[in-house]
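Chain IDs A, B and C follow the sequence of writing; residue 1 opens each chain.
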């Protein structure tokens, strides 16, 4: 059994959670002051997730870069795999918010979508 | 000279909200002047998410949040000029601006909303000794290089300042392949959100050195390293305990300064506590018909609050345009014990038909204490707060009935007390 | 083969070049850095001294008052900012008052006009922010302020437009003397010339020592400064001095010609001639000493600090003259304060030495007038309008703090001896000199440089050599 300590991020209280684990099996959580904290602690220890936001080069756009994000949370350990996969991608303008830039990034089942508008440079 | 009913200086979240609010109140002759090539302000380079949890009940990235308002501007047919720099303003509400297409032009406005945002405090203002070579820049400038140009201003980075901008850039640089060697913070705590400490530093094992500062920058043509030292209780560096960190870049996230150069030219009274204008609850400055909102008024943490403040200023500007008369009766609001500043700094007692929101910041961290508001010596508001930190702007809502007859008092004050 | 090679493109080298370009001479300037004015000239007090400070009979004394008097015409011809704001040397006790009386006498001997001793009331009336401990002051109405690198760039462009060649990034490694010429060997090329003028700043001793058996030793003396926001630019109107010491004129408090407040310098002798770093001790020292002259220095308004080196000679006077045993090799060395003030008169003096030796004809096409980069922020609305009508890029403001337009930046790049670095733009246009210190405009200026010079953004430097601003592209190391 091991104990992991982490700070909950759900609200400014920042409670220090103490999670007892056996491998990926949660044995118990203490230190939380609400149910949100308990849920966060469990998830963070067994299957932590993050959203990735980054930018991609555009082609023929009014701006040089288009900001993008993972449409849903992805496993935290896949962050760098995702970034690497986006390394040489370019997107041609026009681009709209929500446009799918890349499907199923790094085998997560999650799409990469645009988060800004980018008009064609010709307009 | 062009005549405009409502001129809005700045097309970022504050200006956009003010424009939308004023238009919805029936003002049609509105013009927004924005210096970038598109509306949205600083949000366009804030590609991370965390915006809009209050206003939209969704978690959006900066550009997505901005887009919601740009869409409103377009659908409401509100006029704006981009790539236009305002270079002067006077107390008669005459504004001079310049762009490539129109050249230099002057506008006479019946009302103005100031929404110019902030600039970053530079290295020079901290007087950090050492070299003045390439590789020393503020976090916001680095953010622009990385997010708008796709370029890395450095690859082995030390960040001074653990506020949210510094933390966000720590993550940004790491995810673009650079190494962030340390985040150095003068105070014994970080003013950034806990979420950012976890997701920007802990996630990437970036060390946070609290109660430390940069004492010297070394480099000939480009930064080669920095000296870091712990600080004592007076925040003075302990030179004998300096350590050297080899790096090629120093990013500075050491404070935002409301950009009130235009306000000064017009004779707007500024508060030394906020760096922004002194305003009443309508966000009206000492000059009739000139309103201020967003970061140019006081530095916010959440863009949602900037939007709310923009709405207040826009609505108030609309009201002023319909009836340009202001009450002379204003009760000052003082930031007292443990409160660093409060906005608004005045209560206009003429219109007390709604509740009063006070935004404030505390000087230190307080647990399980009370926020109190007094009119002279009478306590009119008393609320327990579990946690108060300087890094998080606080709000209290004084109910309408408490405010009746407040004009008879000399001053209001807000403070934190133990009971 | 050249008639004259000038080593060093600081204010002295460029002043000499400009004077020499009045003649039909094949002339070139060799500069080891990427731009004009990158040594002492870009980091000093920027004061045009009245001339009472120099010991009578010295070169400093002979050249100061004359040089000072040449600034009005020169500033008009070369188009740089110059203002005669007047100087005040303060004293705080009887002993100091006696020293002021000596300076008054010395000034008269040196030909300095208008000197007067003022009593406490008169001084405080002139300058309300001075310390209450002030007893009296020496008032020198001819004292002035200038932008030294703006001046040097102007002089260089005028010299160039009148036929002088400039070679940058050419560091002199060796000089060989033959019977009829000098062979000047740099890291890029070899240049042959009848005469050589050594205006190499802190390195002038090294250059001299390549040729002369009489070795020179110059000590790099570092001075640190703090620059304050224009908001406090009228904290004082005159240049405020304390009594001079052995180490120099002491810490002064002065407005700059651009409207900032400037405090400094201290004086510390160092070894490394390339070390222009500021120090904690030095910055504290200048603020502390300046605090003796004025009440409550507005330290909240500091926007920047810098340090510069001046070449201090053991002899304590300028070293200007032909090297014995090396005919045609002229030293212009040890040009510490009042070097900037003497730049016009040194230019004339050295030019006349060359003319006496080479007896050239006059340059019939010499044009004394040079126009600098237009300054949008100084113009009236009509001039701004016509500027933008001619070129719409003047309507695109790039530097918000100093109101500098893209048109000015383009002019700075594309004019002769144009800027190729971020600092080069800053020195020609003021973009980046303001209160945000380039926070807003750095990305934009870099983009313009990359576009106009047709170089990758990663090739743009702050000031040449290895001072790259961008180290790569996003994700390239992943």
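Basically, contacts are C-beta pairs under 8 Å (C-beta built on N, C-alpha and C of every residue); 3 or more make two chains touch, one makes a residue touch a chain.
Bear in mind the structure is a predicted one, so any value in this text is a computation, not a measurement.
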Chain located farthest away, centre of chain C as origin (C-alpha): A
Nearest-to-centre chain - CA centroid comparison: B
Averaged-CA centre spacing for the pair chain B and chain A, given as whole angstrom: 27
Whole-Å gap separating chain A and chain C, where each centre is the average of the chain's CA atoms: 53
Rounded Å distance, chain B centre to chain C centre (Cα mean): 39
Touching two or more other chains - residue numbers and ranges from chain B: 146, 148-150, 176-177
Shared interface positions of chain C, touching two or more other chains: 474-476, 478
Junction residues of chain A, two or more chains touched: 55, 80, 83
Of chain C, residues touching chain A in the complex: 474-476, 478
Residues of chain A touching chain B in the complex: 6-9, 12-14, 50-55, 57, 62-65, 67, 69, 76, 79-80, 83, 97, 115-117
Of all residues in chain C, those that touch chain B in their complex: 226-227, 231, 274, 276-280, 282-283, 302-306, 381, 384-385, 388-389, 392-393, 395-397, 400-401, 403, 435-440, 442-443, 447, 457-458, 461-478
Contacting residues of chain A [partner chain C, same complex]: 55, 80, 83-84, 86-87
Residue ranges of chain B touching chain A (in the complex, touch as defined): 37-38, 44, 47-49, 60-64, 67, 146-150, 175-177, 193-195, 197-199, 203, 386-387, 389, 392
